[in-house]
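Common to both upcoming complexes is subunit A, partnered first by subunit B, then by subunit C.
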Partner chain A sequence: MKRVWTLLAVFAATSVVVFPAFASGGHDEHGEGPKDKASESSEFILHHVADDTEFEFELPFVHLPAIHIAEFFGKEPGQGLFIEREPGACSKPVEKSQEAFGSIFKFMNGCWDLRPTKAVLSMWIAMALLGFVLFLGRKRDQNGVPQGTFANIVEALLLFVRDEIAVANIGKEEGPKYTPYLASVFFFVMTVNYLGLIPGFFTATGVLGVTIALSVVTFVMTQLAGLRSAGPVGYVAHLFGDVPVWMKPLMFLVEFLGLFTKPFALLVRLFANMLAGHMVLFFILSLIFVVNIAAAVVSVPLATGLYMLELFVALLQAYIFTLLTALFIGQGVALGHHHHADDHAPH
Partner chain B sequence: MNSLVLASSFTDVKPGLIIWTWITFIVVMLVLRKVAWGPLLRSVEAREKNIVSAIDSAKRERAEAEKLLGEQKSAIAQARQEAADQVRKTQAELEKFREELMGKARKEADDLKAEARRTIDEERLKAIADIKGEAVKLSLQIAEKLIAEKLDDSRHQAMAQQFAVDLSKKTPNA
Partner chain C sequence: MTSIALAFLSSGIGAGLCIIGAGLGIGRLAGSAMEGIARQPSAGGDIRGAMIVAAGLIEGATFFALVICILLALKS
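Then we have the complex of A and B:
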């Protein structure tokens, strides 16, 4: 019986997200005339997964006003964090060829739109949730044994990060030093991922900017670990590898590229996984409106199954992101030990 | 127009978003390190240390208890051995004492018997000698009365003597 209720809850939850979009059919349309259902659905889906300056909490039958999060920090170009270094840079549209990365080109042209967006707001909500869960999980007895569900979950995950991610990849000595950072990455990504799975909320990790920022932090941490462990000389030396002199320039090219491809793979993996899961979920459900209402027989169970998969993927991607971060840090740390072993240095 | 703009919207990278993500993440990391992970990891480490030391001390105490038990066992065995030895020794002593006592008693008895026999012999010999003297005296008186003064003393004495000797020969094993 409990399982049936859980399933019903999931159905209800999915419908909460999907229903307003397709049923209320275009509150926000700006009178462009009738559209076909297919393009309307895809527009809604893309709107839902893309970062925006406003946040709409979608509910069936109820149309809540959008939270114009960015407007709190500056309504017009030139106000607050909406910095316009060149007059008119923000109102001037970017060229067609630059549209895919429009904001970067606008930034380069002098339009520094630094206002928080939907993604930032959902990260904040996620962090508030994480803080709340950690607060609930603060109970321990006098021996330090966690008391209650949240305390046990938090400690199990934290110890998993410490033992299976940090110590396993960085080593017994250096591993615990990086555990707070890795735990932060893990809990941050996991919470943001899970918040995105709550109907009505937004997946910040499905936005390129967020994953870029996270992997830049990882990149910096990785290089710092290498520098700290091997020293500047050892760090530069490893870029040329243990190869004959005539191969050194080629090796440098490979190693230097490798520095960036590793975090790049990291950011694309997280972004693509979080985005694709949500989009597929929506596309399958949109069949109900695009094809026929009878498609619900297939698409609702399928979407429910996918939602379950997404619940797993949210945890898995947080794990993979943290694991690879730990792996790269471990490589950096190993660099130093290798170097020292060769030199018979005192440490 | 909208579709195209929206299609490119998820490849769009907002520099502002990157900066805000950094700010959010770094603040969260610093706060959690101070408020959550630090105390949590410390308490876990303390607990792990406690468990390890508890196991160690349990092992040590167990070994000690086993050692003590062994000592007790050997002490008991030794005491038992000593008691058995003591009993055996006592028994041997008792036996020896008994034999000594018996020997002594037997010897005393033998002595007493020999003494008695000697006394008897002496008494007998004395009695025989007495009887002999008495007999001589009696015979002399008898002879005196019989023969009166007709015979001189020396002859009579000799005859009586001879008579007495013959008499003693006739009673063998006196």
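Then we have the complex of A and C:
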């Protein structure tokens, strides 16, 4: 019973924070004169999900100042991690055609802004949390049996990753070798996803850069797996496939593109799922301000339900990311057994 | 109609078409999986795992199409 009351208290506290926080954000005026509520709401939502150098923890009636994370690492261009390779590169505005990927073009023009952002901060928090939980979960007795709550949770999840994801897709021999990487990815993505669901925090996996980095590491892992098991010659030979000679160039094109579409699908899936989930949640809540206060009757229960769905999606996306990584690594490992067996792995 | 309006219209219609395809795909997948599990409950675990992988792949293809729609809406 005590636990139920604690849960209820936490739920009440979070709902007190999240719902009016949105209300206060929706009515924020940035000194640009009155605006209609629809565009105000959409601006707030886009600002909420976009990566930024300042971290705002919004409370109902208190206006807390935003924490400028980046300023701890250099305020002006040329200070600390705010490196300016070419004078004036940072103060120059980005061209209209390059706005969609502004930071990349700024980097290429010589403005190396390496200061941490909201996403980096939330990943650091996730890593610290994960390290703490895994440290608590290290307890074993002399027979290797886990002791205590955390140790059992960690053991169950790790066994799941090893048996259901790694061994099931890579094989009994090679699977355990890739388990450390797969478990790291699983725990990291899961923690970051769940951290983003706590009101006031930021979803780092909803930022394109984070998922790109994750899938680049996965890409390197899958190619290394292929190289390791088939050798350089077998690896290149696989790119041309088992087809007549005149078809080899075409096959190479297809296989070469296939190398990149797999991790690309991986990165877009994680990014779009985390971003879209949060945006839909806020869009439904913003009906209160855009349409009528009476819309709360519909939108608050709907948003609560969607939040519950998001709790599931956060775990599911971590699982799918790890599972597909294991599948691709398994395909790479299967390259080595290509010429010995008649039945090769499906592509 | 201006070209910008056409781009917005096409991205909206495109997003709708994406969802129709994805809904059909995942719906058929889930239906077949449930039939399979109902016929052979003992194979439920394997079927569920294979279903999630296939659903993830369908979802990936859908997101490719949705990215094109979003790019259309953002570029215009």
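In this section, the second predicted complex is superposed on the first by the 307 of 347 C-alpha atoms of A that agree within 3 Å, B and C clash if a C-alpha of one lies under 4 Å from a C-alpha of the other, contacts with A are read in each partner's own complex, and residues count from 1 in each chain.
The definition used in the following text is that a residue touches a chain if its C-beta (ideal position, glycine included) is under 8 Å from a C-beta of that chain, and two chains touch if they have at least 3 such contacts.
All values reported here derive from a predicted model rather than from experimental measurement.
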Subunit B versus subunit C as contact partner of A:Gln142, first or second or both or neither: neither
Subunit B versus subunit C as contact partner of A:Val268, first or second or both or neither: second
Subunit B versus subunit C as contact partner of A:Leu327, first or second or both or neither: second
Subunit B or subunit C, by number of subunit A residues touched: B
First (subunit B), second (subunit C), both or neither touched by A:Ala119: first
Contact residues of subunit A, present in both the subunit B and the subunit C interface: 100
Contacting residues of subunit C [partner subunit A, same complex]: 49, 52-53, 56-57, 59-61, 63-64, 66-67, 74-75
Residue ranges of subunit A in contact with subunit B within the complex: 32, 39, 42-43, 46-47, 49-52, 81, 99-104, 107, 112-117, 119-120, 123-124, 127, 130, 134, 140, 143-145, 154-155, 158-159, 162, 176, 179-181, 183-185, 187-188, 204, 206-210, 212-214, 216-217, 275
Touch list for subunit B against partner subunit A, complex: 2-22, 24-26, 28-29, 32-33, 35-38, 40-41, 43-44, 46-47, 50
Complex contacts: residues of subunit A adjacent to subunit C: 100, 164, 168, 265-266, 268-269, 272-273, 316, 319-320, 323-324, 327
